[in-house]
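In what comes next, chain A is part of two complexes: it sits with chain B in the first one and with chain C in the second one.
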Partner chain A sequence: MKLKANHVLADYGLYLILLVLIVISVILSPLFFSYNNIANLLTQSSFSGLLAIGMTFVILMGGIDLSVGSVVGFASILYATILHGSFFTFMPEEIFIYSGAPKLTPILPLPFDVLFVLLVGAFIGLISGFISYRFRIHSFIVTLCFMIFIRGLAVSYTHGQPLFGIPDPISFLAYGLVAKVPMPTIIWLGISLLCFLLLKFSRFGRGIYAVGGGEEAARLSGLEPAKYRIFPYIASASLAALVGIMMSGRMGCGDPKIAQGWELDAIAAVVIGGTSLSGGKGSIGGTVVGVLILGLIINIMNLLEIEAYPQQMAKGIIIVAALALHALFSRRRKR
Partner chain B sequence: MNQQATTLLEVRNITKSYPGVLALDNVDFQVNAGEVHCLAGENGAGKSTLIEIIGGSYSKDSGKILLHGKEVEFMSPRHAQELGIAVLHQEIPILPHLSVAENIFLSRQPVSKTRFIRYSEMYRQARRLLDTIQADIDPHTLLGDLPISKQQLVSVAKALSLEARVIIFDEPSAVLSSAELKRLFDIIKSLKKEGRGIVYISHRLEEIFEIGDRVTVLRNGKLVGTEAIEKIDRGTLIKMLVGRQIDESAGASIKVAQTKQVPALEVRGLRREGVFEDINLTVYRGEILGIYGLVGSGRTELARAIIGADRPDTGEIILEGEKMRISSPRDAIRNGICLSPEDRKSQGLFLEKSVQENICLPSLKSLRNMLFLSYSKIAKYASAFVTRLRIATPHLDQYVKYLSGGNQQKVVLAKWLGMDLKVFIFDEPTRGIDVGAKEEIRILIKKLAQEGKAIVMISSEIPEILNLSNRIAVMHEGRIEGLLQREEATREKLMAYSMGAKAQ
Partner chain C sequence: MKKKLLLLIGVLLLAAALLGAQGKKILIGFSHVAMNCPYYLAMDKAAKETAAAKGAEIIVLNAEEDISKQIADIESLIVKGVKGLIVNSTTEYGTMPIIKKVKAMGIPVVAIDRPLYGDYLAYVGIDQWKAGELQGELFTKKLLPAGGNIVLIIGDPGCPASIGRGNGMISILDRPENKGKYKILGTYKASYNQMLGMQKMEEAIAAFGDKIDLVYCANDSMALGALAALQNAGMTNVLVAGIDGQKEAYAEILKGGQYKSTVINNPTEITQKAVSILVDYLTKKIQPKERNVITGTVLITADNVKKVYDPNSVF
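The block that comes next holds the complex of A and B.
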């Protein structure tokens, strides 16, 4: 009987933690269960949730992607620049002088400009994944360099200035509601579902688990590791680019300095969600729960009007506590 | 002999070199349908290189590979698998976090028309495959949760699912107990009957004579010869393997005097839930206590508990009459107990460190001038052991991973020899090392006992246990099933006790 309880804890401990946090939130603040707050919580979670999906792929495969925050910033400013009719040239300074929305002279019509930025994101992922795979450099280092480089590129692009004037259809991606559900949440959960199916029900997805569990073993089992090693970075950077576009819509401007440190939140969410940092073990479902747990912690502290820096302290402690608890549950199962 | 053998796979004049080493030099090798072809040779003889080439992992420098008489080039492990060659690797066979069924069908999972994996179908097919080899394994289990012996059976099932015509077993016995090995042999025999070609690699002569139809011997990358098993005897094979005559009973001449019975290590009522219980043992000074048992009988876990690597639930460890509190390997070493672990490569050595560093690590405290490490003392200390144990290494800075298994084991030994310890626990000291080195290790162990050290030696090789031990404890399912004096111990008794059949 006792053994059974341990199994339940190991398999569902994560959901239990989420549930406990919800209960605590409800008790602590009457505002928690209002539509506005829940919608806000879900919207906030959606952005880090999208990054965490990409991060799940990378970590499952046994790597890490530190560059996503920078890619968000770069995509945000790149998207705004395209809308202003400029591709690769650095913007002349005059354009920033006046405030308010400048006249847009987009280079590409609407769906294609978004697509272009997503492709640029994918390309960034392809390059970092390829370098890590081909030259056998640990992804920590490769993506650390990309994090620095791309942030530098993004900020140089507009001399550090935000660029205003984002058209409505994009704002809809960030603010829209469908049946009272925030649009970002629909995008987040929709992509989560797709990625869940990919990881669980396709040979390709299982291959990512295999390569993450042991590359040499996977190779000897007849897999060609290259695509499994590189694809996760493409997924991660493309999703980061998507988040960049959505953030532009949300803020009404392209801002090269946003999303600093978001990669760490994404990693934290993935790890809370039970994905092993050494690769080969984990799931998208876990990551969604991990993102919600992290979002809840912030949300309840905001409702309680705790100041930003004490919030950080509390966040650090709670993440470690959640992980320790989770490890305890899973260890019990092993015995 | 009664039928015309068809050659499934043939390699001709294969040569492969690495910088500075000629790993394979003009080697020929064939596998016929319905035969078990043993591949033997000391470590570094080129066996692994040959099977890696056949399995598509490495490319050859020159030579030909013929499959069913047609020349082929294996581009990758996948390509070789598609052409019907399956290699059952000993060291890196598995993906621990995936289920048994997924390991079997990796990248070939049954899918629906919409390319979705059909899990129920996959588990059903896996069940069927496992049934054909009578493996009692749930296909849903994570492979990492299975003991190595069962993982091996999963690999066999995988080979069957690939419809492999040629199946290569890379030293399966190194990780199997004798009962499990017998099962595997039955499976191999039935595979052979189906007309598949089997390549079987092993260090153990008994196995080669038991299962093999032919044997090919490699030495230093060169082909020594291929012989039909029925035409050669043990002596000839050993001579082929090492290139010189070896007296297998060497070391037997060293008599261990066991007159004064001074207990060195006593274990009383040691118990660890679900692993072992009620363990009572005494090891005397100058004695070798052999521990025999099947894989999973708790022998390794017992050794780990004695040195404090795992904590027992109850029980006492008494060293030279004094009760010890050993809660970590560090405590054990301080008190004079050391372990040479079963898994030499990951637990006994730092593969990416030099011979010198490995030997000196536990003794660094005494290799200092005042506060600072003295590299001249360290080098002197290490080179003394290299000479004394005849460790074959080009220099002290050689990484341990480049040494042969036998020399690696000597490095593990050297680590402890300079420390004035009282009790030595050896877990499978000669596993996976070649015939010549085995004898050297055994002689070293005997000499230690002669010097008055207390030795606990865990081994699955019955001849080794019988030859070396003064007394033998046999473990079965976490208990000591019997304690035998050397004189009364026989192969049959050990086997019977280890399977839980306590003879009267």
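The block that comes next holds the complex of A and C.
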């Protein structure tokens, strides 16, 4: 009987933590269960949720991707510059003088501009994944360099200036409602479901677990590691590019300075979700719950009017506590 | 164990009851850009004091200079049920979609300190562009009439205050009679922070050395930092100018040293006005007389600094 209880804790401990947090939130604030608040919580979680999906793939492979926050900023400003009729807007002093709403002469029609930005994102991921794989440099270092480089590129692109004027379909991606469900949440959960299916039921998904768990063994059993090693970075960077486009819609402009530090939130969510940093173990479902736990903590502290810096302290403590609890549950199971 | 649990639940319920039992005062929200310098802290203080004096309740949220956090902050304020909103927007355009949503819910918005793009009840603050122009006029007519090299330290690229203050000044340098006489050696970003202002000035000194004639900073905190860097390097001939009218800057101008000028932008005054306008509109239906309420914007040099300097003021 006791053994069974431990099993339940190990398998569903994470969901239990989420449930406990929800109950606490309901008790602490009567506003928590209002439609507006739940919609906020889901919308705000969706952006880091999308980044966390890509991060799950990367961490399953035993890597880490620190560049996603910068890619979000770069995609946001790249998308806006395309809308303003140029791929390239290094403007030394003139851009600083820019003011007022510029006129729009996009170089690519609507679905293609989004596609182009996603492709650029994928390309960034391809390069960082390839460098990490080919030269055997740990992705921590490679993506750290990419994080610095891409943020620098994004900010110099328009001298830090946000570019204004985002078309309605893109705003819809950020603010739209379908059957009262926020559009970002639909995108986040939709892509999560796809990736869940990919990991769980496809040959490719099982390959990711195998290579992440041990490359040599996987190679001996006939898997080509390069494919599995590089794909996660492509997924991670293209999802970051998607988030950049959606954030542009949310702000009504492209802004190269957004999403600083979001990579850390994504990593925290993935780890809370039970994915092992040494690779080969974890799931998308766990990541979704991890994102919700993180979002919930911030949400309830906002409702309780706790100020920004004490919030950070509480966030740090709660993440460690959640991880410790989770580790405790899983260790019990092993015994 | 059970007792402890019961006790815990009891405490939580009590806390919830206390939170729910707050009075029937009108609730307003203030989405603030950051709280990392005396100027912003003075605004925070003034907002809370003025709201209390006006019999309103206020929630101040700090966006930490992150536009996406600011959007999330405003969404939280809506959930809290604020009846009116004061926004110090991180970027001029970034809050536009959410302000539209707020407006559609019938919540009036007062923009403060930084201009806002979109539909607002009133903007309270200085004329950012004119503040830059005043400094530009001073540079070209009095400080460096024969021309010279200028280092620009801005707060935050993309922030309307930095754009106005920087470009207002540049627009004077670009006038036909001044064409070719002045050169911007470099533009640095220091987040309106004194420490960073000093650090960026050190970089500028390393890069340009004796070529620098004047440093123009988008606020006084950064200018004070730059001043410290110049003094450490023994460069006492380089002129310094800032904006905001921080009392430490007044003290430097009063000394008659290399710190030459600033422009009045009183955080306490603009915040008091903004809160009053919003609360009066909500409780007494008083429509603000003008959409752009311009305060301060007066150039302060050694000639008139005595009139405004008060060593005991908050800011």
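Note that the second predicted complex is superposed on the first by the 323 of 335 C-alpha atoms of A that agree within 3 Å, B and C clash if a C-alpha of one lies under 4 Å from a C-alpha of the other, contacts with A are read in each partner's own complex, and residues count from 1 in each chain.
By our rule, a contact is a pair of C-beta atoms (placed from the backbone, for glycine too) under 8 Å apart; a residue touches a chain by one contact, two chains touch by 3 or more.
Source: prediction; values computed, not measured.
A.B. asks: Give one word, clash or fit, describing how chain B and chain C relate on chain A after superposing.
C.D. replies: In the arrangement built by aligning on chain A, the partners chain C and chain B fit side by side.
A.B. asks: Thinking of the overlay built on chain A, is A:Lys281 touched by chain B (first), by chain C (second), by both, or by neither?
C.D. replies: In the superposition, A:Lys281 touches chain B alone.
A.B. asks: Which of the two partners, first being chain B and second being chain C, lies in contact with A:Tyr209: first, second, both, or neither?
C.D. replies: Touch status of A:Tyr209: first partner only.
A.B. asks: More residues of chain A are touched by which partner: chain B or chain C?
C.D. replies: C
A.B. asks: Counting only touches as set out at the top, which of chain B and chain C does A:Phe201 meet: first, second, both, neither?
C.D. replies: first
A.B. asks: Using the touch definition from the top, say if A:Ala218 reaches chain B (first), chain C (second), both or neither.
C.D. replies: A:Ala218 contacts chain B only, not chain C.
A.B. asks: Which partner does A:Ile258 contact after superposing on A: first (chain B), second (chain C), both, neither?
C.D. replies: It touches chain C, and chain B stays clear.
A.B. asks: How far apart, in whole Å, are the nearest Cα atoms of chain B and chain C in the superposition?
C.D. replies: It comes out at 27 Å between the closest C-alpha atoms.
A.B. asks: For a test of understanding, state which residues of chain A touch chain B in their complex under the given definition.
C.D. replies: Residue list for chain A touching chain B: 197, 200-203, 206-207, 209-210, 213-214, 216-224, 276, 280-281, 335.
A.B. asks: Give every residue of chain A touching chain C within the complex, in rising order.
C.D. replies: My answer: residues 24, 27-31, 34, 36-37, 40, 43-44, 47, 93, 96-97, 99, 101, 155, 159-162, 164, 171, 174-175, 247, 249-253, 255, 257-260, 299, 302-305, 307-308.
A.B. asks: What residues on chain C touch chain A, complex-wise?
C.D. replies: For chain C paired with chain A, touching residues are 9, 12-13, 15-16, 19-20, 35, 59, 61-62, 64, 66-68, 71-73, 75-76, 78-81, 91-98, 101, 117, 156-158, 163, 166-167, 170, 184, 187, 189.
A.B. asks: Quick one: which bits of chain B touch chain A in the complex? Just the residue numbers, please.
C.D. replies: By the definition above, chain B touches chain A via 55, 57, 76-78, 81-82, 87, 89, 92-98, 102-103, 106-109, 111, 115-117, 158, 274.
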